[in-house]
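Here chain A shows up in two complexes: once beside chain B, once beside chain C.
== the complex of A and B ==
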């Protein structure tokens, strides 16, 4: 938009840029603390001083803060001017007056901006000899460690926490040189994005409490570009390892996805790979054996079973492993499936099919630009970073509408919240379709009708409406209804689904139609004798775990490869432990259909093979010639080239999927007396892998039966009362917790409880009072 | 504004505002003042009460309560001497004045004397730079202080009490 001069260089700038922003974009270093590309300028630290030459030669040059000074055409800026350097030096000297100079014992050492800036601009001496101001630190939970004495009052933490992530339990207290960043009272930070304060803090006030337990200096860490395996968003991460163990995970900038931040599940979920129960040695019938022995045993069984072999892939396994497993099964003329629950299979494939025909899902940075959004389900817990993107849209005035059955953190920011039982979601979506089509005539009397009309108005009047569905808690017809709504809104509307698993999109592309049901029936009828399960947990499935456990009894050999000790891994005849995500390379396809490569970060002292290698070794034992992953994938996806780790990723050219079911949305079944509909009450750390991360799990809400106060009153159930829940797989006694975010006739339960009861989202459940 | 009935009236007024009315937040300072007038200071319970009535989070209320130096989060004496220690007064001997105030009153900074009568607090600039070093004694400006003047002031206060 214009050009200015910085120390003689011509620097272009965009409209509304300040000098600092334009300089940084041109790779010119101006020292700064409080400026942050996502949080903007504040002028709190006074470090980014530069000198501007006067337009009138009779006037003197002036020193300004470059983050607050708009870039103007033709101005002459000097970073190196003596006056500006003097200001920066003085600022550093003042900031260091109260800083404890504890770098040798500080976790931030080596990646501390204060350290860097002090070396770069500060005086090489210390003049202050007086007492330093000190603070009492707070306990902020198991994830973030607090050390207030190091603070330089840049306000980045609260600007991120309150202004950007819309959290309300970290603030800037007191005044003068006693400003204190902390909580009202000690306790865990409640935001799902709290861990980002570690990275935004320019010094060591907030540090990683998990990393601290097994600390390494950052310059000793091995790192490589990786992709977060904990949900379908596919945030870019930079894990750090040392001495054969994973120590921490940080954000890695991707301009269209996560940019500067990741959620706490992504930052702390990595502890699964250091869990004491993690399988590290191969086992045959519960006896530890060498990898080769286990492989030979597996090959022998598969040879015996031949075409009566089945293979179950997974949405959390990478694209390569799923494709190779499929190829192996093809060679054996066996059966291949990828999901443990047929409903999840149809919903996920329907979602991917809808995304393919809608022209692709918006990236997170596009979601941030939305001016209206409809969310179906609890987005925060299934795709936390999509929630953070919607919070940015909300901050700029977007109208959020939420259609959900159970608790959801996003309802706090919603203009309209429609809380209905799981079975009624579909009907409401159809209704919304009608409302959007016929610019609503409001003769509505019912409250929900009014809300639907409001939502339709937001969506039809918006320039950039976005519809987001949580596919795990939606049935295929509901997925389709949401896609139809997007279609009806025209090309300006964008459609996205939070899918179940980091590679759910890629896995769905490989999934044969109705494969899960076929697989289960084949096992039950004895057609499949040997089953290879790869990174999946059918025996721990919430809805069908019991059926799978029974089916497992029909199998002669149950071969499992995984990197966590799931119920399935524990029931394996032959267990082949594999490398965790940070220990191997591969490809995940995120919710947009963007294939992103990740690289192995480190090797364990006793390295484990990755799943694709296990399958190749298995094929070798079976004397089958398997092509390598690249050949398999380019065969499936025309023109496929493995995306390089550390790049932006590439969209996958795949044949369009067809919707597996065309079952229309029926009317909601009549309520059975004594029966409640079940909805999943998840939380932001809820994910198969992350549930093995001890620090994160400490924050999991206690198991309870969440019921709406009105429903409780109707059934005369009191808060904290013990109730017995009866499902097809078992009985659970829980205490009731009244919650306004749960729909009528609905009971919201944690995933663990659902698995114990053998019910899934939308199923019916008996509730019995214990008097 | 400083008596019980006014506070109740204020709370009632606030309770009638719709939850989304941005005006609610604006009532926070008068509300904190009136609660302090009644209770002497704002304890954690008061902070939560203010949060509930104004619709702010407890963090936001705590941010404001700890920002304003005339809002007390800890008990203060019936008489409060606030000695300015900002730039002008600092240059003119505020340090010595604060030490003297502690010595003559027998109360350390930020504490309350055993009889509940007296507290000494450092203060942000009082705008009395022309009379530096200056202080506020129970809201009354006193300027051009030295140790002797301060001692006399405190003695008179003790006699009056």
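== the complex of A and C ==
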């Protein structure tokens, strides 16, 4: 928009840019602490002083804070002017007055902005002779370590935690040189994004408490560009490893996805790869053997079974492994499937089909620009960073509406929350479709109808409405109904789904129609005798775990490859441990259909093969000629080129699905009297891999049966009362927790409870009082 | 000069609504409603009523610059967060005559066409704040506050906000944050509060002493007001005199009255045998003046010309038994304590200065300390976020100039000469 001069360089700037922002964009370094690209200018640290030459030569030059001073056409700015340097030097001297100078024992060492700025701008000697003020630190939970004496009071932590992420339990307290950043009382931070304070803090006040348990200096860490495996968003990460073990995961900037931040599941879920129970040695019939021996045993069984072999891929396995498994099964004339639950298969494939015909899902930075949004389901727990993007939309005035059956952290920011039982979601979506089409405003409405009318108004009057569905808790007809609503709203509306798994989109592209049901029936009828399960946990499935456990008895050989000790891995005849995602390269396709490559970060002392290598080795033993991953993928996706790790990724959304997706919209069956509907009460650390991360698991809410007070009153159930829940797979005794966010006739239960009972989201359940 | 602002003040038995009305109170409402709002602003501007909170900006000009077309709702905030050391003028107005304040804010809000007034009262003035609340209730019952006041069609709500209690809340943008329930950190003043103030709406902030002049100006005219001052000053002024004088207190005198008259006539002069060493003219955040400045008229421009500020017109007197190093340290400790902690130079620089001053006062000063303090002040003052730190370093920088020999003798002898002198005298 204009040009200014900084120390003789011509620097372009955009409208509303301040000097600092424009300078940083042009790679001109101006020292700063409190400014942050995502959090904006504050003007508190006073480090970014620059000198501006006066327009009137008779006047003196001014020293200003470049973060607060608007960039103007033609101005002459100097970063190197003596007056500006003197201000920066004095500011550093002030900031170091109370700093403990504990760099040798500080975890921030090597990536400390305070250290960098002190060396760059500070005085060479200390002149202050008084005592330093000291603070008492707080216990902030298992994720974030607190060391307040190092604080330089830049307010970045609270500006991220409160202003950006809309958390409310970390703030600035007290005043003068005793400003204290912490909680009102000690205790775990409650925000799903708390770990970002570690990265926004320019010094060592907030450091990674998990990294700290097995610490390494950052300059000793091996790193490589990676992709988060914990949900379908595909945040870019930078894991760090040393001595053959993974130590931490940090954010890696991607301009359209996560930018400066990641969620706590993404930051701390990596502990699964160092879990003490992680399978590291191959097993045959429970006996530890060498990888070659296990491979030979597996090959022998498959040879015997030939076309009676089945292969189950996974939404958390990379694109390469799924495609190679599919190819292997094709060569064997066997059967290939990817999901453990047919309902999840139809919902996910329906979602991908809907995205393909809607012109593609919005990126996170596009979601931030929404001025109205409808979320179906609990977004925070299935795609935390989509939630954070919606919080940004909310901050700029977007109207958020939530349609769900249970609690969700986003309801706090919702203009309208419509809570209905799982079976009624579909009908409400259809109703909303009608409302959006007719924009009718009838009076005397039932409360829920009024809410629907409000939601319809938000969406129809918005310029950039966004609809987001959580596919794991939606049936295929509901997925389609949401897509139709997007269609009805016209081209300004965008559609997205939080999918179940880091590679759910890519896996769906390879999934044959009704493959899960066909696979189960084939096993149960004896058609399939040998099953290869790759990074999937059918035996631990919430709804179908019991059926899979029975089906497993029909198999003569059960071959499992995984990097975590799932129920399925523990039931394997032949177990082939594989490399974790940080130990191998591969490709995940995120919820947008964006294929992103990740690179191997490090090798373990005793390296494990990745899944694609296991399959290739298996094919070799079977004397089958199996092309490599690149060839397999370019065969399936013409013109496909593997996206290089560290790049922005490439779109796979143009490639059609292999399965048919005809999902008629209709109302689901209503509940039976005496039965309760089940809704999944998840939490932000809830995913298969993260359930092996001890620090996250420590924060999991205790299992309980969440029931609405009105429903409880009707059944004369009291808060904290013990009740017996009866499902197809078993019985569980839990204490009742009254919760206003649960729908009528509905019980919200944790994933582990669902698995114990053998029910899934939307299934029916019996509840008995124990008295 | 006949008392104008203090005429009906009685801290022990402030006038009831009835008694205040009988004494002529609230008459200015009729006068105000007979005028168009912009006419009142023109009269106030013509009266040259300058802000009594310390900055001395023209009240009428401030009102005019907000603009008659500012979007609604608009707010008027009346500042009674008087916390400046040595200053106790607003306290007298608050405790002595709450109805005078209410009358003033009604007339001022009418001139500004503001529908809501927030009166921000210093936390320690709780009793006065409660008295003010009761007086507002009285006025509401009498139809003087509320909707369609006296049939004028003008609606006004007045709320009293009792401060949580910090000096920084007196800074106008920190005050807005405090009213909104946020940390009382000052705000960046682009845009100005008159554009985006309280809850992002146009807001005018005035000191209470400024506002209580408005009804009198309206009733008696701009010329009358200007003629009340002397030596170039305009209107009546409340002066506080404290420190080493015989009769410290509050004096309402013409703006422009010289310090000599205030100290030696109205405040009873110094104790027998004492001589004046220096004085602070306008509250803790103004520069020291010396005996040679006694005849400077106590008005905004003359005091500024003498190198200090009229500030709150609160004179603090140092006689020849007062150690200026100790006095300056006392002030610096106050400012270091009251910093809101937002920006680095103020938060960490002022305690640094207080530490050096402590060392000097304790006889542990070093020769290089005086230059170090001057160097630090040169950054702290101009490079801080708000006006707090520039005010905080003002007494120190002037003290280093006015009383340098005392600092040097503390450093050279390793002890305070005043301690020894006071002990031997006792």
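Everything that follows uses one rule, which is that the second predicted complex is superposed on the first by the 753 of 771 C-alpha atoms of A that agree within 3 Å, B and C clash if a C-alpha of one lies under 4 Å from a C-alpha of the other, contacts with A are read in each partner's own complex, and residues count from 1 in each chain.
Following the convention adopted for this analysis, a contact is a pair of C-beta atoms (placed from the backbone, for glycine too) under 8 Å apart; a residue touches a chain by one contact, two chains touch by 3 or more.
Nothing here was measured: the structure is a model prediction, and the numbers come from that model.
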{"item": "Three-chain arrangement built on chain A, chain B and chain C clash or fit", "value": "clash"}
{"item": "Touching partner for A:321 - first (chain B), second (chain C), both, neither", "value": "neither"}
{"item": "Which superposed partner A:94 touches (first chain B, second chain C, both, neither)", "value": "second"}
{"item": "Chain touching more of chain A, residue-wise (chain B, chain C)", "value": "C"}
{"item": "Touched partner set for A:172, first chain B, second chain C, both or neither", "value": "both"}
{"item": "First (chain B), second (chain C), both or neither touched by A:184", "value": "first"}
{"item": "Colliding region between chain B and chain C, picked from 329-337, 365-373 or 383-391 after the shared-chain fit", "value": "329-337"}
{"item": "Overlap of chain C and chain B interfaces on chain A (superposed complexes)", "value": "172, 174-176"}
{"item": "Touching residues (chain side chain B, partner chain A) in the complex", "value": "44, 47, 57-60, 62-63, 66-67, 69, 124"}
{"item": "Contact set on chain C toward chain A in their complex", "value": "166, 168, 183, 188, 190, 336-345, 347-349, 351-352, 355-356, 358-359, 372, 375-376, 379, 382-385"}
{"item": "Touch list for chain A against partner chain C, complex", "value": "43-47, 49, 63, 68, 86-87, 90-91, 94-95, 97-98, 127-130, 133, 152-153, 155, 172, 174-179"}
{"item": "Contact set on chain A toward chain B in their complex", "value": "162, 168-176, 180, 183-185"}
